[in-house]
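Below are structures written as structure tokens.
Below are two complexes that have subunit A in common, paired first with subunit B and then with subunit C.
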Partner chain A sequence: MGWGLVAPALLWTAAFFVLPFAAMVALSFAHMEGREVVRGFDPGNYIRIFTDWTMLKALLNSLEITVVVTVVSVVLAWPLAAIIAFRVPARWQRLALLLAVLPFWTSYVVRSYAWLLVLGQNGVVNKALLSLGLIAEPLEIAATRVATVIGFVHFFVMLLTLTIYANLIQLSPNYARAAADLGAGRWQTFRHVILPLTLPGVVTGAFLTFVLCIGDYITPQILGGNAELTLPQLIMLQLGRSGNFPLASALSVVLMAVVTLAYFASSRWLRLDRV
Partner chain B sequence: MALKAILPMTAATLAAMSCPGLAQELNALVWCDHTDPALIEPFEEKFGVKVNLKEYEGTAAGLAILDQSQPGDWDVLVIDAVDVGRAVEAGYLAELPADQLPTQNFFPELVMAENNMVDGKTYAVTEKFGYNTISYDKTKVDPADMEDMASLTSGKYDGRIGIYDYYLPVLGLVALGQGINTADITPDTLGSLKDPLMALRAASKQVSDVVSAQTALATGEVDIVVGGGEWLTAVLAADNPNLDWTIPKQGGLRWAQSIGVVAGSTQPDLALEFVKYIVSPEGQAKLATSSCYWGMPANAKTGDALSMEQRAILRWQEQPDFLKRAQLYPIPDAALDTAMQDLWTEMLNQ
Partner chain C sequence: MRALSWAYLAVAYAFVFLPVVVLVAFSFQDGRLPVPPFQGFTLEWYGRVLGERDLMEALLNSALVAGISSLIALTLGFLAAHALARVRLPGSVLMRGVLIAPMTVNYLIIALGLLTVFNQAGVRLSLWTAGVGHVVINLPLCFAITYAAMGDHQRNAERAARDLGAPEWKVLALVSAPMLAAPLAAAFFLSVTFSWDEFIIAFLLTRFDVTLPVEIWSMLRSGISPATNAVGSLVFLVSVTLVVLLEVFVFRRTK
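Let's turn to the complex of A and B:
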């Protein structure tokens, strides 16, 4: 009976994850001869990924951007979630959350191009700073890593706000009261009581941010102006331009390995049921 | 009587619905300029069919789609003219009846028999072309500078240049800047393109796709787009009359796209009619001014179907001279293509 209930999910996972993944791993050990894929067991693609500086740099770029985006998003999302959970009256919290996630309703690509206009030399940001006399020359923001990070952070703050908020509203106010009774100040209460209790929500959101950010190629391409390559962009180049499916598969396996490592690093605190 | 009469009719109706050949739907694998309803609707109305369009970018992606499809899934293919041979080699294109195509009306350079024919058989026909050269905002740069590629890396325009993110035309332009014809790019000469390519990258602000390049040029993020051309600026002309393009003295690249019937199509006659419509003056004018991107019609008889304004934007009268100054895209074999893409990837990650 139990297996019967689980079978559809297992079959689904086997058909649409395990088998495709196995095929991808097998393909990653193939190589190209001209424009033909030659199957076999050739570790050349992996050797190239870790010895070719262009490929290694793409991996490092992806990791750097993802870590910065994740950290900045957590730092911005935690206070926002706390304000919604503790400061906004209960009857308005639903509306506050709705407003917080409103940008989700816009197409991802459209939102990226919109940011390009906002961050451009003649965009809103530069015009505002120039008219306030804060800068003499327009800032170079678009087509840089900063623009990529801003675009990502805008998106992922929404996601993290939801996961952290879901964690915060489950906390009993008695924790803070007990800490106060024992003589803890507001900072100590936050540092030693509230923050550790919200770690599951923070880590869950951070992990999702990490996974989605490191696998994205649209934002670096549009906002980053191809100023540097990330790993997903490199994969897309192999698929769309070179038709080098074995190398694209090997790069994808490396990407999945990075995500798996991130999962193990955060698994102690991961609470996906809080999402 | 009723039953006897109805049964065959029902059977015939079911057969018509289940047989792809009678489905009256044409499936075309195309570039985005073919998705303009103004282009497709006249054909649909004339033949009473529905044209299903799927966009793709990059020959590798298009060939991968065909590779994963069943024979009969696709009827029409639009492909980079220089890649027709590749598609024929893979068995994706059917032979076309050359006598039914109006190539005698084409600009001579656009017949492109060496690309559209294999072993004496015609497999595709050129439908549209244009140039990869230099687009610029004439109020922000000195137009005289744009006549010389060397000015791009002179330091005068550092940080104001965008590069179109397609390795073939831009590497071709860099080669022309070094006095190397596109047909002479080989693994040996490719090495000499590395330094000028990296110098161009160092002088540029971004490397971007079509939309991003257009946005950057229109918003003043960059003032020059290397690899651009009429296809980049024409659709912006109404709102941005300051945008212009030119072919520098070193030359420019000519791009061309071809259209053919997919091998194994279940309705090759209808697919051929579609091809003939696209290369007719009526279809050519609509394709040339597609809402996705503009380009030059290959059929020289199209002039009358274009408005005066459209002809001015396309520089219709100057085509014979421009065609003489432009060279074709490089046509690399697999090894050279890999080397060119590796160089491009290295440039992106510089």
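Let's turn to the complex of A and C:
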């Protein structure tokens, strides 16, 4: 009887997740002759990804943007989570948290568009700075990497605030008290007691940030423009303009490999921390 | 230190809310561009957006895809969680792993894999193919939430029902499901919000009939306009309403 109940979910996952994934990996070893896909075992796509500078550059762009976004988001979200957990009165904390993540619920496509309105040539930021006399010429933020990073950081600060907050409120106040009794100053307590204890929340959130950020197409496409490409943009370009499914598949496998590496890196860190 | 905390909080909230405020404010712009200066208040863009057939069709499509795919994901996830939490099956750790696996893979990769298979099998792209993709991403979520919520308390009630002669489907429908109403509702609403807002799978796996995010995406191609602001504000309103309902009716009650 147990089998009958698991079977539908397992079959669905096998048919629409495992099989497609295997088909994609198989396709990544095919190549194009004209408009035709020629199947076989040809590592040519992978060789091309690591030797063709456009491809390699997209991978590097993605990695750079993702690392910057992850670090900046953690650094901004940690104090926010701590202030909500320790400064805001307990009965207001849930509301404070709900408000801090409210923009989560704007449509994902629209969120990037809204940042375009804020950061654009005639946008709110430029108009404000111009009228304050802080700048003479509008800043070129939209259609650059800076805009992509701002759009990402906005989203992931919300996410990380949640994971770090969840970690912080579980900490017993006795840790800080014990540290104080043992003569630790505020900074030492923070640096050697509180911060290490929040590492699980930080690493969990940072891993999620890394995975979602490196695989995202919309934010760099809307905010970053086409001056430099990220890996997902390159994949979409292969699908759309050139219809090169084998190359797009190989790029996706590389993307998947990067995410898997990030997983192993962060899980190792977590275990080391617990020891 | 205290003052600094409040200042940081204020700046953080300003940053978080800035794009939303700009989006909503300029949806009322009485002019052709949703950028400063603000030229006056009008509801014209909302009227225009609500009268646009493509958009309203996309909205309906999104609601249908989200509702149906979430219902399928919830049913499959609940049944699997029920079986794996109750009965000792050989390989249940492996099965749990397989069911959770799609959660760790980027949507773009899931979409590309499905696109490959659908192309090879000659399946034509439609709202149904996008719905299949949405079940794939939401099934792990529904499974994980209901699996985590099952405890000894339910197990005893189910055993009692069986002892009293209830057939298995009655145990499921009349005992297990009602006892798990709150987590089931949470899983369903989360799935609906994910599916409703999902772009890349819907973009790659639909053709002529599209969902709302895909329709909004094609609106963006023709440049910025207060009409897009109005659509965005409406979507925001719907999502926030859903979240508030979830908060009030589901999470409040579980406390």
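What we mean here is this: the second predicted complex is superposed on the first by the 251 of 275 C-alpha atoms of A that agree within 3 Å, B and C clash if a C-alpha of one lies under 4 Å from a C-alpha of the other, contacts with A are read in each partner's own complex, and residues count from 1 in each chain.
Going forward, contacts are C-beta pairs under 8 Å (C-beta built on N, C-alpha and C of every residue); 3 or more make two chains touch, one makes a residue touch a chain.
Owing to the predicted nature of the structure, the values given are computational and were not obtained by experimental measurement.
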| item | value |
| --- | --- |
| Clash or fit, subunit B versus subunit C on superposed subunit A | clash |
| Subunit B versus subunit C as contact partner of A:Leu229, first or second or both or neither | first |
| Partner chain(s) touched by A:Thr13 [first = subunit B, second = subunit C, both, neither] | second |
| Which superposed partner A:Met158 touches (first subunit B, second subunit C, both, neither) | second |
| First, second, both or neither for A:Met256, with subunit B first and subunit C second | second |
| Subunit B versus subunit C as contact partner of A:Leu239, first or second or both or neither | both |
| Which of subunit B and subunit C A:Ala58 touches, first, second, both or neither | first |
| Superposed model, subunit A: greater residue contact from subunit B or subunit C | C |
| Part of subunit C, among the options 58-66, 94-102, 166-174 or 220-228, whose backbone runs into subunit B after overlay | 220-228 |
| Intersection of the subunit A residues that touch subunit B with those that touch subunit C | 113, 116-117, 120, 122-123, 222, 239 |
| Complex interface listing, subunit B residues touching subunit A | 57-58, 60-61, 63-64, 86, 159, 162, 165, 167, 205-209, 211-212, 215-216, 219-221, 333-335, 337-338, 341-342, 345-346, 348-349 |
| Subunit C-touching residues of subunit A, taken from the complex the two chains share | 1-6, 8-10, 12-14, 16-21, 23-24, 27, 76, 79-80, 83-84, 87-88, 98-100, 102-103, 105-111, 113-118, 120, 122-124, 127, 154, 157-158, 211, 214-215, 217-218, 222, 232, 235, 239, 245, 248-249, 252, 255-256, 259, 263 |
| Sites on subunit A touched by subunit B in the complex | 32, 34-35, 54, 57-58, 61, 113, 116-117, 120-123, 140, 142-143, 221-222, 225-229, 233-234, 237, 239-244 |
| Subunit C residues touching subunit A - in the complex, by the definition given at the top | 2, 5-6, 8-9, 12-13, 15-20, 22-23, 26, 33-37, 75-77, 79-80, 82-84, 86-87, 89, 95, 98-99, 101-102, 104-110, 112-117, 119-120, 132-133, 135-136, 139, 143, 168, 193, 197-200, 204, 212-213, 216-217, 220, 224, 228-229, 231-232, 235-236, 239-240, 242-243, 247 |
